[in-house]
Amino acid sequence: METISISLDTVWVLLATTLVFLMQAGFALVETGLTRTKNTGNIIMKNFLDFAIGSVLFWIVGYSLMFGLDVAGIVGFPDFFSDNSYNKTIPDAAFLMFQTVFAATAATIVSGAVAERTNFEAYILFSAAITLFIYPISGHWIWGGGWLSQLETPFHDFAGSTAVHSVGAWASLVGVIMVGPRLGKYNGKANAIPGHNLGMAALGVFILWFGWFGFNAGSQLAASGEENAKMISHIFLTTNLGGAAGLLSALAVTWIKYKRPGISLSLNGALAGLVGVTAGCDVISPSGAVLIGTIVGIVMVFAVEFIDQKLRFDDPVGAISVHGVGGILGTLLVGIFATKGGLLYNGGFSLLISQLIGIVTVGIWVIASSFVVFKIIDKLVGLRVPKRVEEEGLDLYEHGETAYN
Amino acid sequence: METISISLDTVWVLLATTLVFLMQAGFALVETGLTRTKNTGNIIMKNFLDFAIGSVLFWIVGYSLMFGLDVAGIVGFPDFFSDNSYNKTIPDAAFLMFQTVFAATAATIVSGAVAERTNFEAYILFSAAITLFIYPISGHWIWGGGWLSQLETPFHDFAGSTAVHSVGAWASLVGVIMVGPRLGKYNGKANAIPGHNLGMAALGVFILWFGWFGFNAGSQLAASGEENAKMISHIFLTTNLGGAAGLLSALAVTWIKYKRPGISLSLNGALAGLVGVTAGCDVISPSGAVLIGTIVGIVMVFAVEFIDQKLRFDDPVGAISVHGVGGILGTLLVGIFATKGGLLYNGGFSLLISQLIGIVTVGIWVIASSFVVFKIIDKLVGLRVPKRVEEEGLDLYEHGETAYN
Amino acid sequence: METISISLDTVWVLLATTLVFLMQAGFALVETGLTRTKNTGNIIMKNFLDFAIGSVLFWIVGYSLMFGLDVAGIVGFPDFFSDNSYNKTIPDAAFLMFQTVFAATAATIVSGAVAERTNFEAYILFSAAITLFIYPISGHWIWGGGWLSQLETPFHDFAGSTAVHSVGAWASLVGVIMVGPRLGKYNGKANAIPGHNLGMAALGVFILWFGWFGFNAGSQLAASGEENAKMISHIFLTTNLGGAAGLLSALAVTWIKYKRPGISLSLNGALAGLVGVTAGCDVISPSGAVLIGTIVGIVMVFAVEFIDQKLRFDDPVGAISVHGVGGILGTLLVGIFATKGGLLYNGGFSLLISQLIGIVTVGIWVIASSFVVFKIIDKLVGLRVPKRVEEEGLDLYEHGETAYN
Amino acid sequence: MKKVEAIIRKTKFEEVKKALNQAGIEFFTYWDVRGVGKDREERTYRGINYDTSSIERTMLSIYVRDHFLERTVTSIQTAAKTGEIGDGKIFVSEIETAYRIRTGEKGGEALYIKEEEE
Amino acid sequence: MKKVEAIIRKTKFEEVKKALNQAGIEFFTYWDVRGVGKDREERTYRGINYDTSSIERTMLSIYVRDHFLERTVTSIQTAAKTGEIGDGKIFVSEIETAYRIRTGEKGGEALYIKEEEE
Amino acid sequence: MKKVEAIIRKTKFEEVKKALNQAGIEFFTYWDVRGVGKDREERTYRGINYDTSSIERTMLSIYVRDHFLERTVTSIQTAAKTGEIGDGKIFVSEIETAYRIRTGEKGGEALYIKEEEE
């Protein structure tokens, strides 16, 4: 390969890395915006720590577990401080950086779900575990040459609806259940605990959308040559249409269901749409993207209601619905909408089945490992802050600093 | 053309697309910052919907009206879901995406101008109309091979002072007049209704400036080859100097006129300067950019005062002055400052006249079509919210959600 | 050199320019977040003016002083409006733009340090001086072919730990001392004056981190060819690890020292880590980056305490500790951790000594020149606002506008 | 001396202020409050309806000498009225004494600028 | 007519509101305050410990007719109590008169909807 | 029992708090208010001058037993004074009764910690 192609690919991947990096800010804003003033500082810290810890641990350990020499299809061969080359085209450091910001994304999803009542130390430990091995192992199955990528019809998850988003969501689910709901959330009925700043949340969604172009189109890992140029352009289009359709459909549902166009659920809709098209952004048509975005946007609203009011799992930002439901559906629908191999395009059921296998096994892995990790952490430091701390705010008691003065 | 050049051009256009995309966040921040707390959620939603609706409709219809096979110089041949190739160098999807974010920019300008009293449904319908046909048709004249680009001395609007910004501003003007001023804005005298968060507005301006590099330099649609490399670098320089000069001159005017350096008008000054150099960023010298930025920045402040206090058109964020006055002046001054063809560079009057023709005809088109569209919408759903809703805030009554809790 | 390489390098530098540009927003957010509501508008204006004035003055004068034909190793030959080519590979305008956003960064550091009590006019004058000649002259020594780059073992400051950050910090130090502490900061003991919005500050840090990828990797000024591709990837990795380590170490120190994980100091830690690796990001290993980030993060916390409580210099945002202590240490540690020439890698002391010489001489230059400039400004317009203005807020009295309404 | 507390619509603030000024009341203090009253507006947050009847209001606190009481109440009454539910209330109570911090003046004097009235 | 001022924990607001509603108190006004009290929590900002004992509280202001006083106090008392330091206080004072802005009704009448009670 | 309401400059808050503490007043409540008074400062927003005389102030609300009244007033008076227009005012009114929510104690007892005073 020519060196100029390598250079262009490298530039592409590095710039995609910066875009994905900024998604950390997007998550921080969405999560703080949808929670209460008194916990703002705590959530910010969790988001920064996710990224900082993730950057260090993924580099030291996780990266090799994910991309190292395949061991029985299950895990990469551990190789601390990653001085091996896991990608043939772009420089190692570029590939590592791109994968690092992905790993950090998976971790950060959890922080919103368990916000406002989780012990800070407990959260840090869990966040470390997710980048250390939970995410890398299922990641290895999908992207590191592991068994899911060795299926006859390989599991297709282009940019991580399952590998990143569902992983974060399954871990969130376990966390939410084990930590329990916020005080006052369920007393007899489910109560609304409105977020303190929808402007922040909205900015966060814009920034996430912005970063998502890097997330999806960067996953091509190349831009040189006509094929790559066409592909990344195509991905831009499907990604954008997915987000737009998710927003519009969630808005429509809230408008019909609750008589008025809901703000925070529409924002979630955009994110759900983006999550939804992430798995298949390379193999679906623009119309497919609109359909997937629409389906995911609609289901997400019902999921939020179901999880919050029926199951009574307290997920303040809707992480499980957005990343979990969005991730599962998005991955599954690849089996239907993929222009090559999808059910609708006469591809039969084999892709759909592979997708289902991937979704389920990753789910089992993440639920099981998260459960064990949370249990251990609970023993070590306790998952939950004391009642008083939760009431008066984590900022004041856990950090001794308040966000607004 | 070599494939590596195509690849580089594609990367350039796609990254410019992400930058322009983020301008949506910039607009949302400026508009919410300069209005009141009680309408924050509503403005956010309008900005998201602009983009989501625009993304879908422009793809389905607007794109072909703008760039399709020229029909009598007036409009492109409609071709739904755009599977034709309208650009010879970069992939279709890249060109479509770049044009989509431009279309969404034109639409979003209106949301600020009519903020705080417009019926949400009415706004959505208007926003749909603008990306559906108002913007694409005048856009066709300028960029799609229509009659303005066929003039003997073609109308020159490199990145859209007229095609994008003035279009948004003319539509804003019609909207502002037809919707009427906010309650309490004019009772005997013109009253100040201070924006609720200048920090948000300032962040918005920074983000817009950031995005503007993509807006202007991306409009080159190419980066490969020495000529293109020089041109995009040149555009960076003129764009930046235009914004800086606009900020400084508006600041100076407020300082002299009102004795103190005004904050929100200086922010508008930066935007006006950026709008001003958008038309000619490729053909003016750096000094020309400073001069255009300065002129536009000065005039903008007087325009805000004139429109607000003399004409009594209530434009809470100054959209008409920034994008309209900035857009008109910027386009016109190309005829004077263009280093090839400009009056000052011995180019005679022919370019100036073409510029004038473009400004006027686009103005007439947008005013006329917006008027008709607003009239129809008024009949259908009514343009204005009830008094009570306006008083207590659109967030509460139209969305049943408040932004700050 | 092939034109496609030039094009790719240009694209790289221009995109890095946009990233660095956005750091202005990052600084504005950090500085407003860590100060009080009543001065928000003032700080925003200072940040905008830094950039606008810097863009104009650096283009007219500073650029040639920095990069013009070397005069005795001290300064570049002045050449107004810079129409010479100072860089052989990329177009002039691209190089000028990249250098402009760097110059503006140096200037903006000061605004936070002297926030909440400095006369607006005085600040503007000082900000002009820094881009006009203070920064360009020491910049010439380091990057413009001046004497520090002619040392036998040349002073190594890849992306500006000294050239940019320390320059800003030294000027801040002089400013902080000459302007004096805020009212109520020291009465008997040192008092806490908490910042008004940690959410803003956190977003600012995310944005700065984002921009830093452009700041450091863009300083390579090239991306084409395998060497460049490897180098910019490497820089991404070291930059990111430096920031992460700085954050984690500062967090750890506050946790131990103050019993609880501090929020605003951890944010400063990330910035200090980033400043720290800026000088050596190209020549240190990833582990070196972690070590430098850690050292700087730790020392920064003690420095904040020492400067604030022992020296009683009132630096509301910690600019001196972050950019000064971070800049000095980071530059010095290159002499130890550089994989070629560093003490630890058997390179002996010569690099370390060069680093020391650079640190000290730049310090002397900036302190001396800043002192003179501040003295003159003090005579001309006075450095400090009246007591009443400081008490009730600069927004109201200096701008006649308040940020929050 | 009396204390007049008025809970009014935020949107009526400017008018009430003007009316008070015209009635010669130049000094008062106000802040944002939330009122729970009859004018309930249902909200929906993420699918949960919550009848928060709380709407933003402005609380005015005005300390006046007795002979100013009537016109103070009347000014507010007139200017703050829309006739729709939710206009708010005015409450009057007794204040024992007042001090002007700047001068230390006590009692009624604290409430007006002596030189101006004479 | 009495004015009941209660300073309660922010976290107890919803419960207090419900208790008041059940006791027939449908109208009141509240806002955020900061309380300085015994429940000090030390803060550290950038290395400086500052003992700010101020904690966010909610102030309720409820104007009631005399025969409603007791149940108002009792409702708050019960619903706002956690038993830990910092639960807050309730204060009762006399109000001379009240006006309903919407109708101009004066006195006790201003506090209830006539038709409803009859 | 008395209620002392003081409207002071925001910038004087820390000093007033310290002065109150020294005078033995450990409990009080405060919040941000806007004061309309003589110290007008003209603003300009987007070219429109608007004379907003409203400036940010802090309202303190302190409930004290009668024998604490004087020192409370004096402390505030002294600590909040700058001598320039806009220093604010102090108002005193009668409180009928008080309750401590935590214990249900009533009257004067609600205002001090019994064990501590004895």
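A, B, C, D, E and F are the chain letters, set down in written order, and residue numbers restart from 1 in every chain.
Note that in this section a residue touches a chain if its C-beta (ideal position, glycine included) is under 8 Å from a C-beta of that chain, and two chains touch if they have at least 3 such contacts.
Only a predicted model underlies this, so the values are computations on that prediction, with no experimental measurement involved.
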Remark   = Contacting subunit E as well as subunit F are chains C, D
Ask   = How far is the middle of subunit B from the middle of subunit D, if each middle is the mean of its Cα atoms, in Å?
value = 44
Inquiry  = Centroid from C-alpha atoms only, then distance subunit C to subunit E, rounded to Å. What do you get?
reply    = 50
Averaged-CA centre spacing for the pair subunit F and subunit D, given as whole angstrom = 18
Message = Show the residues in subunit E shared as contacts by 2 or more other chains, in ascending order.
response = 31, 43-45, 84, 93-94
Message = Can you list every residue of subunit A that touches 2 or more other chains, as numbers and ranges?
response = 4, 8, 11, 15, 191, 194, 197, 258-260, 262, 264, 400-402
Ask   = Looking only at which chains touch which, which shape fits best: line, ring, star, complete or other?
value = other
Inquiry  = With touch defined as at the top, which chains are paired up in contact here?
reply    = A-B, A-C, A-D, A-E, B-C, B-D, B-F, C-E, C-F, D-E, D-F, E-F
Message = For a test of understanding, state which residues of subunit F touch subunit C in their complex under the given definition.
response = 9, 11, 14, 41-45, 55-56, 84
Remark   = subunit D residues touching subunit A in their complex are 43-50
Query = In their shared complex, at which residues does subunit C touch subunit E?
reply = 190-194, 254, 257-260, 262, 264-265, 301, 304-305, 308-309, 318
Request  = Would you tell me which residues of subunit D are touching subunit E in their complex?
outcome  = 2, 5-8, 31-38, 54, 57, 59, 73, 76-77, 80-94
Request  = Within their complex, state which residues of subunit B touch subunit D.
outcome  = 38, 183-184, 191, 388, 391-393, 396-397, 400-402
